[in-house]
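Here chain A shows up in two complexes: once beside chain B, once beside chain C.
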Partner chain A sequence: MKKKWKILIPCIAVLLVFCLAVGFLGKLFEPKYVAEQKEGGMIRDYYKETGSHDILFVGDCEVYENFVPAVLYEEYGITSYIRGSAQQLVWQSYYLLEEMLKKETPKAVVFNVLALKYGEPQNEAYNRMTLDGMKFSLSKWNAIRASMTKEESFASYLLPLLRFHDRWKELTEEDFAYLFSQPTVSYQGYLLQTEVKGGVSDREGVPLTDYTLPASSMAYLEKMRALCEEKGVELILIKAPTNNWKYWWYDEWDAQVKDYAEAHGLSYYNFIPLCGEIGIDWNTDTYDKGVHLNVYGAEKLTSYFGKILTETRSFVDHREEPEAAALWDTYLENYYLAKGDSK
Partner chain B sequence: MQFSSAIFVLFLALTILLYYLLPKKWQWGVLLVASYVFYLSQGVQYIGFLLYTTVVTYFTGRILSARAKKEDDFVEANRETLTKEERKAFRASEKKARFRILLCGLVLGFGLLILLKYTAFFAGGVRDIVTAFGGASFKIPSLLIPLGLSFYTFQSMGYLIDLYRKKITAETNFLKFALFVSFFPQIIQGPISRFGDLGKELTTPHTFSAGDFSAGLFRVAYGFFKKLVVADTAMIGVRYLYEHTDTQQGIYVILLILLYTAEIYGDFTGGIDITIGISRMLGIRLAENFNRPFSAQSVKEYWRRWHITMGTWFTDYVFYPLSVSGGMQKFSTWSRSHLGNAVGKRLPVYFATIVTWFLTGLWHGAGWNFIVWGLLNCFVILISQELQPLWNLFLKKCQKLSGSGFFYCFRAARTFLLMGLFRSLDVYKDVPLTFSLWGSMFTTWNWGELFSASGLTSFGMNLWQLLVLGAGILLILLATNLGKKTPLWDRLASRSVLAVALSACILTLVLVFGSYGVGYDAADFIYGQF
Partner chain C sequence: MKKTLQIATICMLLILLVGSLVSCNQKEDPIQDDPNEAGYFEFGNHLFAVDGEVTEATLASLGTQTKEPEEAPNCAFDSQNILYSFSGFEVETYAKNGKNYFYAIYLLDDSIVADRENIVVGASKEAVIAAYGEATDAKEGSLTYEREDYSLVFFLRDGKVTRIHYLFKVQ
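Moving on, here comes the complex of A and B:
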């Protein structure tokens, strides 16, 4: 019996060291998304957020590059957070929302509907940027299962080393510096873009053979609606402004979203036809020729949306709450420092 | 479920746990269930073929066994009444009857293999002839080829032949027999086991042994290293070279030969290490399939060291029976009387050797490249045989040289390169193209191109991958050298903790430097397709 333990205990110790080594190497090789590809670091930023929010935005780049929580607070006293990442698919938004609603109960959830056009998993790199930032939970488990493309393996999400092992030859100082903790890369989920690269689309989107929004994405929208209803949170649908034929929002899609919203008593705001009223100038308010807004365009859109929100709903003005104001003043300072504005 | 997938690791862990935790009498049942789960995971569509071979072999085996028992019982019961001649005549007639039963079993067993694996090849040949004579072309249906078909068919047919030869007795329990055919670690790529060796091993209860378990674990880790670090990294270059044969000629053909040798060695020996290692973790010993093949001094010796179980299968069940068959005896007599003793005695051996190698080539795949590969091996072996007296004379005259280390290395390198050259038929596939590429080694002098600044990365691999491959090969050479007398895993069997620690180190290397995951198209085991 003694002999057995003499073998078993060291073997267990070796196994533990092996597991630790695999975990450590996974952490080391994982991209840190700090200096480059910040989009990959935005999902994890949420865990550093303190306090609750009136509004939670979920969606793809059309939320995290087009709305500025700092402006919403500064102008209307509304606290908000954006949980979005690059090409965030509907099911990913759903599971991220499910995770957030376990922690807080906002007044409203704002969902950008562009992702409804994708009915199937799309891109491994974007999947990783969204899912790797999530803390392990049942929501993450389900999000992975719903998102994986054919070439991906579930195990590689549990053990990042299986996915990123090949980065051993690309390691930089950043990988060591941010091994165990990474700085926030966003401003309450907003990714700052100050560049100006104007452009107006000279044509419309390519005609499609079928304009029906995929049943799978609509099913997740329905799940999102049911979840909000269960939690007593209002779901608001939006479509952010774009002006690029490659990322066209077709009237047929718009009609389907409108019908859905009407059928379920939801508010739906399509900002594309409202660009003039918002004051967006596609020569100065975009950083990538009309695909996304830059900070100047995003501030205008946020201001406009804030006005709608406050005119149609009632919100507590958190600027008058000392504790919240202290926190959000810091956020504002950080935002304007980054923007290079001395306001 | 591939050996190198995470789901297989979980499956294996669960199987091993159940195997040792449940009562010992259930162990073979656990293995049977695990084997069928594993095979089903390869594709539900394959299971019918496995069951067919199992059922056909089992019942043919039972009939053969019953007939043999009846024969023995009759002879025993009438020992005093029958004369020696009568007994001999009775046994001879019974042997013929048993042979007819065996033949039925072989036709049914090999019939499926031929139908699924070779129909398209033979039908393609017929179509080529028909169209050459102006006939209309026709479409050849593509048939499903179950994974491991050649392996489990050969193992099953070997069982029938052994029963016919009364070397073994038939397994009466259908489920135990089903386990012999489907044992999961070896079903995809062998080794091709004999019932006399494996049958009992599988169904005898095994007590957990830390030594066997850790030695097996070490061998599994080492197998994964060979497969994922060496074979799949070399594959990147091999794939590029055969996809660009229009430009990658001359020195690049030699490069392909070297890279493919690394790939096939890492792939096949790695796969067998995993197979034998898993079996050993379960307390089951399988036959060895390799014995330092690249130290072989001749092609003949190489085939005693490489894919040993296939070689012995063809020797025992094709070459010897064919050599001593009635027809061959008659042919031998005829050739001696008509062609003289010197030629006459050689012809039957030549014929049996050529048939054996033709079938060996065909076993590897339904294609002319495999047939030519088999016949080239045969040609070299026969030529060597003929030149043996001359060679012996040379060795005698130059004893100093023949006993030197240099000469040993020279012969090993010569065999290594020759086998590599033949093996390139496996990669290039097209026989005329392969011959023309072999020719380019002597006509296209582009050595400088490969060893230029950008040359080393001109065949699909980057410098890091070359570095990993080189280091991997060096580690394998070191391990092979250390295990020259006693294999490393056997030496580690008495030092379990060290074996587990080394396994963990090797697996860490595999996880970091292995060619797998997104961005890599990690290959299935090459021999799985045979």
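Moving on, here comes the complex of A and C:
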């Protein structure tokens, strides 16, 4: 018996050291998304969030660039969080939502519908930005399986070293400084952009051969709706304002979403035709020629959306609750400090 | 005898080396004979490598641009798609590792002949089928022909071609 242990203990020790080394090197080599490509760090930001929220946003860049939770609180007392990521696909939104709804039950979930145009996995770099930030869970497992392109391997999501081993030559100070803990990169999921780059053109999107939204993405929208229904949460569909030929929202897509919303009794707000009413000036309110709003445009849109929300639904005004107010006043201060305002 | 064999071996190696260099060069330069060869496409009397970089020279070879290029920045990455306008057609590029590559070409009118099949905007649906055969995907408003590296799409209205799109399979 003793002899057996004499062999087993060193084996277990070697295996343990090997696993620790693989885990440590994986952590070291994976991108940290702090100074650059902050978009990749937003999914993990949620785990640092305290308190619950009235509204949870899910979706692609059109949520995290266009809505400001701090403003929604400041003007209407609504607490919210944006769980957005670059080119977040519908199945990723679904699994992120599934994960969040295990932790909290908001009054409403807001989903931006642009991603419905993608029926298949698209791009590893964007997948990584969404999936690598998720804590390990069944939701993450399923999100990876639904998202992988043909060139990707499931194992590389579980063991980052398999994917990022060749980053050893690109390691920077950031990789060491944020090895075990990364600072938040967003403001309750909002990614601040203060740059102004207008000059949108009058060009429209190029014609497509088929305007039918893919069945696979619509199936995940249906799963999202059913999940919200099961949890007693309202699902609100939105289309954020854009004004760029490349990221065109076709009338045919709009009609399909409208039909779906009507069939299921959901609210759907397409903000594109409402830009004038919202007050968006495409010369000053975008930082990338109409693809996304900058902070000035996002504040206008948030203000407009908040008005709709409070006029059509009832929310508790958290500004009147000392505990929530103390927390959100800090968030507000951080937001305005980063924006460069003296509020 | 030994010396002869040595010389013959060196000659063979040189031939192989030159041969491989020539074939490498052929891969980079437009070929003239077979427009349907994988990796190339024919457009407006030119043959282009599908994965060839779109440089200023490439754009100049297509003619004079009729307006300023239009940018569409990509989410999260410091890159963008750019749309270049020419008389009768547009070229869209995408960026990868700091270089631009073909993303799509859109033919808008009959001022340019896309390839040696001589189908232009305004041609009939029957003429397209006669020239290219049965489409990979035929819809009421379009005929799509799948090639290894790109799709060739003919948009139709009232039985006539209204636009022609080259849509490249981006890696």
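Assume the second predicted complex is superposed on the first by the 342 of 343 C-alpha atoms of A that agree within 3 Å, B and C clash if a C-alpha of one lies under 4 Å from a C-alpha of the other, contacts with A are read in each partner's own complex, and residues count from 1 in each chain.
By our rule, contacts are C-beta pairs under 8 Å (C-beta built on N, C-alpha and C of every residue); 3 or more make two chains touch, one makes a residue touch a chain.
Since the model is a prediction, treat every value here as computed from it, not as a measurement.
Chemist: Give one of first, second, both or neither to describe whether A:237 is in contact with chain B, with chain C, with both, or with none.
Modeler: neither
Chemist: Just chain B (first), just chain C (second), both, or neither: which does A:97 touch?
Modeler: neither
Chemist: With the two complexes superposed on chain A, say which partner A:301 touches: chain B (first), chain C (second), both, or neither.
Modeler: In the superposition, A:301 contacts neither chain B nor chain C.
Chemist: For A:257, using the defined touch cut-off, is the partner it touches chain B, chain C, both, or neither? Pick first, second, both or neither.
Modeler: Neither partner.
Chemist: A:11 in the overlay: touching chain B, chain C, both, or neither? Say first, second, both or neither.
Modeler: So A:11 only meets chain B here.
Chemist: Check whether A:131 is in contact with chain B, with chain C, with both or with neither, and answer first, second, both or neither.
Modeler: In the superposition, A:131 touches no partner, neither chain B nor chain C.
Chemist: Please report the chain A residues shared by its interface with chain B and its interface with chain C.
Modeler: In chain A, nothing is touched by chain B and also by chain C.
Chemist: Considering only the defined contacts, which chain B positions touch chain A in the complex?
Modeler: 5-7, 210, 214, 464, 496-497, 500-501, 504, 507-508, 511-514, 516-520
Chemist: Give every residue of chain A touching chain C within the complex, in rising order.
Modeler: Going through chain A, the ones touching chain C are 37, 39-40, 60-61, 86-87, 125-126, 129, 201, 203, 206-207, 209-210, 244-247, 288-289, 291-292.
Chemist: So in the complex, which bits of chain A are touching chain B?
Modeler: That would be residues 4, 7, 10-11, 14-15, 17-18, 21-22, 25, 124, 151-156, 159, 161-163, 165-166, 168-169 of chain A.
Chemist: In the complex, go through chain C and note every residue touching chain A.
Modeler: Per the touch definition, chain C meets chain A at residues 70-73, 75-77, 81, 83, 104, 106, 137, 139, 141-142, 144, 153, 155, 163, 165.
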